[in-house]
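Chain nomenclature is as follows: A, B and C, assigned in order of appearance, with residue numbering initiated at 1 for each chain independently.
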Amino acid sequence: MADPRFFKRAGPFRLRELAAAANAELSQGADPERLIHDVAPLDSANGEQVSFLDNKRYLPKLGGSGAGACLLEPAYVERAPPGMALLVTRKPYRGYALVTQLFYPRPRVAAGIHPTAVVHAEARIADSAAVAAYAVVEAGAEIGERCSIGAHSVVGAGVVIGEDTVIGTHVSLEYCLIGRGCQIHAGARIGARGFGFTLDPEGFLDVPQVGRVVIGNGVEIGANSTVDRGAAPDTVIGDGTRIDNLVQLGHNVQVGRNCILIAQSGVAGSTKLMDYVTLAAQAGIAGHLTLEKGAKVAAKSGVMRDVQAGETVGGIPAMPLRDFFRLVVSWQRQLQEKSDRDE
Amino acid sequence: MADPRFFKRAGPFRLRELAAAANAELSQGADPERLIHDVAPLDSANGEQVSFLDNKRYLPKLGGSGAGACLLEPAYVERAPPGMALLVTRKPYRGYALVTQLFYPRPRVAAGIHPTAVVHAEARIADSAAVAAYAVVEAGAEIGERCSIGAHSVVGAGVVIGEDTVIGTHVSLEYCLIGRGCQIHAGARIGARGFGFTLDPEGFLDVPQVGRVVIGNGVEIGANSTVDRGAAPDTVIGDGTRIDNLVQLGHNVQVGRNCILIAQSGVAGSTKLMDYVTLAAQAGIAGHLTLEKGAKVAAKSGVMRDVQAGETVGGIPAMPLRDFFRLVVSWQRQLQEKSDRDE
Amino acid sequence: MADPRFFKRAGPFRLRELAAAANAELSQGADPERLIHDVAPLDSANGEQVSFLDNKRYLPKLGGSGAGACLLEPAYVERAPPGMALLVTRKPYRGYALVTQLFYPRPRVAAGIHPTAVVHAEARIADSAAVAAYAVVEAGAEIGERCSIGAHSVVGAGVVIGEDTVIGTHVSLEYCLIGRGCQIHAGARIGARGFGFTLDPEGFLDVPQVGRVVIGNGVEIGANSTVDRGAAPDTVIGDGTRIDNLVQLGHNVQVGRNCILIAQSGVAGSTKLMDYVTLAAQAGIAGHLTLEKGAKVAAKSGVMRDVQAGETVGGIPAMPLRDFFRLVVSWQRQLQEKSDRDE
């Protein structure tokens, strides 16, 4: 179970309540009134807890699991041990998310401005918002209803934050407009000066960066990630996009809706990611490119050309992932042939 | 135009003033007294705005642009639409930088120490410097004329900062000497303990890191970048060098003058970069190497040997970039041959 | 010598004292009572200073060095210049660490809570601990004897920190338990929400992350590194493990004892590193894998499969390092053959 030092649990809930929340069907023989007290992983769950099976890799753990209930796909029903109540759904991980939200609802931070926060007289903070210790809110900033601003965060002059957005600790927000329902985690830097200067041998010369960062609704930005403001156009992040930790977005980058950018990936200036683009961890995208809708980039890849809609690429430089895998196979054959010759 | 919420615009300026600032020649027929009110990108500029064309990629946008004026190279004069005033220069991006500095001069932060700043009695802060809310300045630190220290930054004991240097928010400065006219962006960590310890199986043992970080004049360091202090020699960054976001420099690294280190690149301990070295994004350099003057490293490359003056390398492990490109071509041919055989 | 602005030196010490501290044997003819005042690198050390030779690369500097004493291996004794006192040991770098700890003992921060720190009434802070300016310590947090909490750090609700642990400036600690004698450097983010959500086309859905980060004793975590808390199991870091700057650990990652994770490396969710695993710089490990005891991953590699005990892997995708080197040789031959054909 979750450490009560950190997490407050709701419940218990009846199996029928969990099934309803998860949009799952309760298996025959299971008692809909049975109480479940918590979520837990398959290998440590007990009879009062609900678990889930989403990744085939963990199928061997199902048979020996002591979980009282389990969310799983129809295909695995036969593999479950007798006595385990099954919550059958084609989307067990989504079901698990919904059930876990039931047990562990997001804590609501009490509204109010901590006495140590420095708030400019010309900033506007909604009454229902929370501003933590030592936060700084500068002139003209606007913070929406039910927002939470973490300790030590700085909301720069003119920055606008939509309703229900949660800002972690030590976040810097400058030159940006942020939508509703976003989560920006500790140490993220939004709106710093882009890397814009001329390369003259007589000395580099700053190009003033007079664009903004415009962030849609429901966006998540991970800890210590950096998003530079635009040079003159804006840097843009579309609704629903999820950005992990230590990710870098250069100036003028446009990211569409519902994209996923995994940890330590980076996008160079003026590149455009359309909707539903995925960058796996440590991927890098060169500047001035377009990745069309649904494009996927494998981990550690280096993309140096446009990517077509729905295409998956990998390697350095990135090529269709299928080709990259064929290339890897041909390398392995080279090594094998050499070994054979050497014998 | 830049969002007035964030940026204060100067001007308007006459075409002849812009030409003078940009070191450009005004095209025949253009009225030198015509007023220009702002800068803007080619595709959104109107008749009162000046744009620029620097990257051939954007040439198709020139003909249809409504910009009142445009900075461009002599070669593209014929491609401009009639009625557009041309500011002709061999360095249009430099010209744009100069013109933009005219419209958007760097805002001067009002001098003074915020009442919430904690300043040690033995720190020296110039009268013209600005120290923002919740900054901490420790014993023996010295902050020069016209410096600006961002909210929540910590200027550690003994740290010296030269004139006109701008420190962003949430910056940590320890064990370092910083020159004049530098910009250190939000969340940068300068002078943390280097990764120095012995590898004994009986347990690792810390090697005290008793060097400093010595930073020249006009250096830029990006958001959330990390520069460790030296182990015994210093970690050094030369005048004019530009470092992007999330870059890592290990202990004892020496970076020359006017180098460019792009986002998420990293340099391992005791490696030396001479003047005018460029590391593209996500490049990595092993320890104890030397990259001679003007060496260039392609994005995502891994350098495991010294690099000669003026040489450009790429790949993992890095080889002359020309060879890397030939290698990529040979991989593509391998794939093609295999496809042909498979048909 | 170390800059007295930043470092306080102890000593001087006699050669016999240094030999005892370093577990080294003093060379014949050296005066055990001779006073040594400092440590210094081979090429700048003077007659009152002790240096060390650990890396063969620096052997050419030995003969011309003016160091009064030098820690080195028996094999290099003959290469030292006459008059240099030799401290002979099979582990000169370890000896240097011990001697340097003698000259530069870790400064003890004075106990006490800075008047600007915000400490919740229900937090427990040991009398001998130091809490710096603007630190925030939330409800239920526990800080052990002789700990030091840096300026602007946030110790979240319920966080436990063991004795003698040093937290740098601007660190965020949430949902974590930290052992004794750890060092967590500036800007590290421990316990942020993991990147957990479902991928439904109807919109992503947060999976509440209800695990913790559990950190053992003697662990070092570098500047601006990020360690996400577990999804339901914990994220775990074992005793003695050393983590460099800008490293990313995803949710549920388990790192064993005495591992080394070098700068900008990253480990995806639910992967397990057993004891003594080394990740070189910028390496990336995919999720749900196991790296067995003593596995080593070369810099910039991408690991997509389990790694056996003691195995060293490299390349993208990672293969046995020996194979990767053979592959590189075969690439070089390809290039050479092509050059020959082209002539």
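We adopt the following convention: a residue touches a chain if its C-beta (ideal position, glycine included) is under 8 Å from a C-beta of that chain, and two chains touch if they have at least 3 such contacts.
Quick caveat: nothing in here was measured; it's all calculated off a predicted structure.
Listed here as common contacts of chain B and chain C: A.
Mostly differing positions are employed by chain A and chain C in their mutual contact, as under half of the interface residue numbers are shared between these two copies. To overlay chain A on chain B by their CA atoms, one rotates by 120 degrees, a value rounded to a multiple of 5.
Chain A and chain C have centres, each the mean of its CA atoms, that are 28 Å apart. Within chain C, the positions touching two or more other chains are listed as 134, 152, 170, 187, 224, 246, 264, 282, 300, 316. By the touch criterion stated above, chain A contacts chain C in their complex at residues 2-3, 5-7, 39-41, 44, 55, 57, 91, 93-94, 96-98, 100-101, 103-104, 106, 114, 116, 132-134, 150-152, 168-170, 183, 185-187, 218, 220, 222-224, 240, 242, 244-246, 258, 260, 262-264, 281-282, 299-300, 315-316, 328, 331-332, 334-335, 338. Interface of chain C with chain A (complex): residues 118, 134, 136, 140, 152, 154, 157-158, 170, 172, 174-175, 187, 189, 192-193, 195, 197-200, 203-208, 210-212, 224, 226, 228, 232-233, 246, 248, 250, 264, 266, 268, 282, 284, 286, 288, 300, 302, 316-317, 319, 323, 326-327, 330.
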